[in-house]
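Note that chain A is present in both complexes that follow, paired respectively with chain B and with chain C.
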Partner chain A sequence: MNTYEVFLKKAGKEPFSHAGSLDAPDDELAVAYARETYGRRSEGEQMWVVDRTALLVGDEINLAMADRDHKHNDGRLVAELRQFDR
Partner chain B sequence: MDEFEEFLDEGGIVEPNDDMPEAYRSAIFSFIEMHANSEYMGGLTERDWIPRAPGLRRKMTALAKTQDEIGHAHLLYMVAADLGVKTREEMVTDLLEGRTHFHNVFHYRVHSWTDQIAVAYLVDAAALASQQAVFKNCSYGPYKRILRRVIAEEGFHMRNGEEMLLLMARGTDVQHQMMQESIDRWWLPSIQLFGPDSKPDDELLRWHIKSERNEDLRDRYIQKLVPQLLGGGFSIPDPALRQDSEDGKWKIGEIDWRPLEEIMRNGGPDSSRRISDARRAWYDAEWVRAALDEAAKADA
Partner chain C sequence: MTSEINDMIPDATAKELILAFADDELCVGQNHSWWIAVGPFLEEDLAFTSIAQDELGHARALYSLLSDDIDLVAYGRPHSQYRSAHIAELLCHDWPSALVRHVLHDLAEEIRWTAMLDSTWLELRTVATRALAEEQFHVHHAVSLVKRLLSTSEGHMRLASVLNELAPLGREYFAGSDVGLLASGVLDASLAEQERTWMKRVEDLLDEFELDIDWGVAIPSQGREGTRSKDFSALHDEMVAVLRIDPLASW
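After this line comes the complex of A and B, so read on.
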């Protein structure tokens, strides 16, 4: 048995999201089980089924310091400058 | 542990690969395992009624519900297995050997179609109420996420149950009488599904696995179900039941917890037959699992 992770995408602009996992003996059955387990009431119109061992997992260390001030603009200076204009 | 509890009190969510105290791991694991076992045993009861359900539509509904319940067991066993306490196979073996537990309501025999309706309404409404209370604020992420799906599907089941109960309420005298007999059999087991009053230091509450006390959930259920059943022209099998003249709330009599205690030792009225039936179903299907494994190996 292999463990698979299932992702579903609803219609429209919604991104794929994780639905859950399942055990299956092979890829063909994994897709069939995924449909029956997570998609049997039109929960999505596209599905990704990924062998868990193929997932590359990034942790807190990989994501550390990813977010810094200079990547945002909170608009405070713009607000100040607009006041100065008047 | 103090730091961990502080984290939980602030609404922290625990994920499978996070560090967690072993006591928490063990508590959340046992809770999910018991839930999974109950879904599985419930699915097998539902399966028994597919051929006996009246009419094609009800058979198809029973079929879909069976798939849902077995599916819930599958989802929950996956979530439980990721905690690394037991594998899915070990959990199934422990269940089939009577070493672990499942909900009290599946330790009773379902005698008739109206019993099945009582299970579908009284029992599912109770199960849904307790699952919603876990979902609301559960600190274990994967369980909370999977409960969303479980609860949505249990909602369909409860609505089916209510629909069938209301049809029986308006049915012939014989149907009404049969439904009454089933309510008489299933009322107390449904009430007991919530368990005895929560202990003051209940760790499931402290660790934000459950978000409400058993007695509060039970009371809300009684306030909802009593007027519905009375409204359908049914009586409640509790001579001490009364409506409080001040707050208008329904008060039930003293609950006899002995049946639940026996069930917790897998010694309920139908426990041994249920477990041996589940064991037979599992081993009868062994050849299917073996064939799938063989086919997968041949592909590779």
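After this line comes the complex of A and C, so read on.
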């Protein structure tokens, strides 16, 4: 069995999002199972099924140092200053 | 669209054909549902029993063309008034039989719906159009899995004898009368033509795995004549179990 990741996209501007994973003996059955497992109640109108071995997995270093203040500016400080100026 | 088409009133032969089709769907849907939670692996379990639900949906849609009280038609008839093909009634509590019946049934079903796509019986045409869209998934699933298994030596060994045993029984799906149905435009392929298409489709599927089906001679249909197979009684008991507890339960 191979493991596959299933992504679904609803109508409109919604992006593809991860629906779940599944095991299947081959690509053809993976698509059949993806529909019945994650898409049978019209959860999406487009589907991607990806063999997990095809995924590029980022390692820790790619996501390190992601907590720095200046990446998290939500504009509140600027908004407060403007309020004060008025 | 001509008024002639709008005025089409299905005759007894047309209704009998639909009743037989509905009974096939009811039996197979009920039989497939036996596999809930005991399928060979989780994904297959979900897929197979989702297909079971679809088949019951097809039965409901077909019965609704015949009666407003579909529970009564589906569950309330004496056994001799069912018209199901015997292959549809088989309990198939072993996976090779269940899978083989699934592929034979859905290949047949696809051909049966296709012959109704342009029907002059407009309600039937609507039902057929919708069902056929769903049928693509059933056939895709069945054919993919059967091919996958036949390409392994163990799968080949376990499926070959079951295919040889069940395929000839599948011919009964195309038994019954179609007298006048081509002329009135209810069907656009006779049952005999549909049967030939189906046999060819089964042969083409198995050809690549060097499997030859011995079709034998067509045996007269018993199911369509009102004789039930030995499995029907147990299947019917299961079908009506809820209604016996709660006569007001509905689909």
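Here is the rule we use: the second predicted complex is superposed on the first by the 62 of 86 C-alpha atoms of A that agree within 3 Å, B and C clash if a C-alpha of one lies under 4 Å from a C-alpha of the other, contacts with A are read in each partner's own complex, and residues count from 1 in each chain.
The working rule: a contact is a pair of C-beta atoms (placed from the backbone, for glycine too) under 8 Å apart; a residue touches a chain by one contact, two chains touch by 3 or more.
None of the values given here were measured: they were computed from a predicted structure.
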| item | value |
| --- | --- |
| Fit or clash between chain C and chain B when superposed on chain A | clash |
| Contacts of A:Leu29 with chain B and chain C, given as first, second, both or neither | both |
| Contacts of A:Gly20 with chain B and chain C, given as first, second, both or neither | first |
| Touched partner set for A:Arg40, first chain B, second chain C, both or neither | both |
| Part of chain C, among the options 20-28, 182-190 or 236-244, whose backbone runs into chain B after overlay | 236-244 |
| Interface residues of chain A shared between complexes with chain B and chain C | 1, 22-23, 25-26, 28-29, 36-37, 40 |
| Chain A - residues contacting chain C, complex | 1, 22-26, 28-29, 31-33, 35-37, 40 |
| Contacting residues of chain A [partner chain B, same complex] | 1, 3, 18-23, 25-26, 28-29, 36-38, 40-41 |
| Complex contacts: residues of chain C adjacent to chain A | 41-44, 46-47, 50-51, 137, 140-141, 144-145, 148 |
| Residue numbers on chain B that touch chain A, as the complex places them | 67, 71, 74-75, 78-79, 82, 88, 145-146, 149, 153, 292-293, 295-296, 299-300 |
